[in-house]
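Both complexes below contain chain A, partnered by chain B and then by chain C.
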Partner chain A sequence: MSAGPNSDDWVWVVDPDHFIIYEIGDTTFVFSRLSGTTHMLNLVSRAMLDFLTGKPKTLGEVVAGFADYLQVPKEECPSGVVRRLFDELDDVGLVERILP
Partner chain B sequence: MTARPLEKYMKADAIRALKSGTLVLELGAFSTRVKLSDRRSVAFFLDMYADCLVTLGDCALSDFSLTVRPPNQFRKYFRHQVVPDPGFGFPAAPLPVSMSPLALEMGLNLSVALQCFRYAIFHAGVVAEGDQALIIAAKSGGGKSTLTAALMEEGWRLLSDEFAILDLEEASLRGYPRPVSLKNASIDVVRGFAGKDQVSETLHGTPKGSIAYRRPRRGDIERMALPARPRVIVFPAFTEGAAPRCQEIDLADTAMQLIASSPNYQVIGERAFTGLMTMLDGMKAYEIEYGSTEDSLALVSDLWRSHVS
Partner chain C sequence: MSNNQKKDGDFLARRRQLLKLGAAGVPMVLTLKASATQPIHSALDCAFVIHNKVKILVDADGKAWMGDGNIREKNGKYKSQDIKQFKNNADYVFPEYTVPERFRPDECDEGGDSCSGSSGYGDDDSGYGSYGGGYGDDDGGDGDESCDSDDDGGYGGYGDDSGGHSGDDSGGSSSWRHGGGRGDDDGDDSSGGGNGGWTDCYKLYEIDRNTTITPSDYLNGSGNWNLNGPNGLYLLLAGKYLDTYGNDGGFPGISCLLSILNYLEMQ
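Here is the complex of A and B:
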């Protein structure tokens, strides 16, 4: 998690070794091995997790590419929503910043 | 040393062992060394745990050690009070000695809730038909214990009134059949259908109101080693005068409610997560609301028949 505002140039990734996932219906449960905390994700948050799993991206790339990844028009996936979604995953430590 | 039912021992030997802390209660997955200092808790234990397996003697190993004792020397003689002492610091308010059975039961609950890490513990009652279990999740005032006691009368076996004890390897529930804790109006309700002999004396004026205990039956004790696979979970809500109502709830919400009710989930961590998710796979969860014991039994019976039978 970043202590201050995220920069669009920082590189982020999701490391699948750091958590385990179970799905119950449309809900994904994620147990973080780093924090010992259980998280409940909806479909969109889960998609963000998959988008970043093993594929490092800058926040700018996440914002630019997430709508295409979901296969929805960009106007249905505004950048503010994508950034908030990313921040939520960052807040709970499910995304990790790495050196470029 | 082989454990025998408490009632098979000479009463004087059992009392001596309880007062000296050399009695070990072998119940379900846990053994607990119990030491009691007052007559009322001793009488309660001899009565409510008569069918339970115990060993007497210094050499038995135990998982937990519980003492019900005065909070200090002064309170042994003046306005006699007791506290449950599970062997670690815990901020338990002293109770009048007349409420020592409550201190004993609280202490046994604390021992399991805060010292058990082999199993994931969730706050719920559990009853079973054969090896198929129904979880009755706790909501304060929801009627968990009353429903548990009522289902016992319908032929269900009691695994536990207080804890769903999840075996993390097998995703099955383990028995820990201790007395069922009844509060206030439910005491007379359960005395009515279970019989006066099956319910302890009422403790009046406790921090939770009036409390009495419905004893586990011999059959519950004899079959406590038989694990049960959970099939249905209900969240009961007793509302005076309410029409019976049942609503299926999402298993994801159920998981979060169970996690919130668990005293050791966060400590066990990954194994508890995996065990809980495995347990929930294929289960059904419902909120049920009712205004009478008859209605609650009918609701549970319908749910059980539609999913299990």
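Here is the complex of A and C:
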């Protein structure tokens, strides 16, 4: 959890080993082994989860690259929406900060 | 975990549509609480506070008036004069059939205490046309004016389009909002219509000041509404308002309710 202002230097990642994932149609159920809670993701939030899996990114990189990842023009994917989406995942503990 | 990127154009279009909803503020993540029957995202746990006392008056036709006026009650009956004043000063007015039967008065003693009208309860003759902000002349009342001693004093604006909020009521479906306009309601309250009359043709719901309403409390595990009690009725009316006017901020709690409805529509 960021629990405060997000520094540009902070690096975030999604660790798939911390989840059990199950798909039903366009909905993805993500059970967090860390929190014991289950989250339902739609196609957009699932894409964010995938985008952050594997290669750690700063929030700036997430904002800059997510539209391309979604294959949509940047105007359809404003930075504020990306940040809010990131925050939603962060709020429920699906993204983790990599400490230096 | 990235197999979603390999989907076809239809998949991309659906995701693109969801992205637009995200841009509109719709939550993208739903969290299941410990109880599997309560799939509620934290963003759907919104609540709002009713800062001032709210009263909702419902008649047997399912019309509703929302306001804060005083209505005296005795032995399950309400003072007809108070009813009339409450209706004329209501903040919001909803047309007939708005309120489901379960919220309506159980019975209606058409005999009244003094004057019986044809309907036994308030009669806004022209239906929708007489609702809302500033309806004007609604003279076609078939109630017995002689029984309606309320008209004789205190409400000088009745029957007069020149009143402050009065508008033109040509019989169309006018606004539900701010029904406090001094329009005419002639022939109204014909049951027990005198100053001393009492009527049981209405049911009154009250919500205390500083009441917190959490709409998601009225959703069951299947995502269906289970509205009951005064707070449930308030949410029902808020939903009706939302259907008509959208989220114009004019109805307390409307934004909170909208966020939940938006979510439910996505499912």
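The working rule: the second predicted complex is superposed on the first by the 99 of 100 C-alpha atoms of A that agree within 3 Å, B and C clash if a C-alpha of one lies under 4 Å from a C-alpha of the other, contacts with A are read in each partner's own complex, and residues count from 1 in each chain.
Everything below uses one rule, namely that a contact is a pair of C-beta atoms (placed from the backbone, for glycine too) under 8 Å apart; a residue touches a chain by one contact, two chains touch by 3 or more.
If you're wondering where the values come from, they're calculated on a predicted model, not measured in any experiment.
Touch criterion met: A:D50 reaches chain C, while chain B stays clear of it. Counting residues of chain A touched by each partner, chain B versus chain C, the larger count belongs to C.
When the shared chain is aligned, chain B comes close enough to touch A:I20, but chain C does not.
In the superposed pair of complexes, A:L99 makes contact with neither chain B nor chain C.
Look at A:V72: by the touch rule set out above, it reaches chain C but stays clear of chain B. By the touch criterion stated above, A:T38 is placed in contact with chain B and with chain C alike. Overlap of the chain B and chain C interfaces on chain A: residues 37-38, 40. Contact residues of chain A toward chain C in the complex are 16, 21, 26, 37-50, 53, 69-72, 76-78, 81, 84-85, 88-89, 91-92, 94.
Note for the complex: chain A touches chain B at residues 20, 22, 24-25, 27, 29, 31, 33, 36-38, 40.
Of all residues in chain C, those touching chain A in their complex are 1-2, 4-5, 11-12, 14-16, 18-20, 22-23, 27-34, 39, 42-43, 266. Here chain B touches chain A in the complex through residues 250-252, 255-256, 259, 265-266, 269-270, 273-274, 277, 280, going by the rule given at the top.
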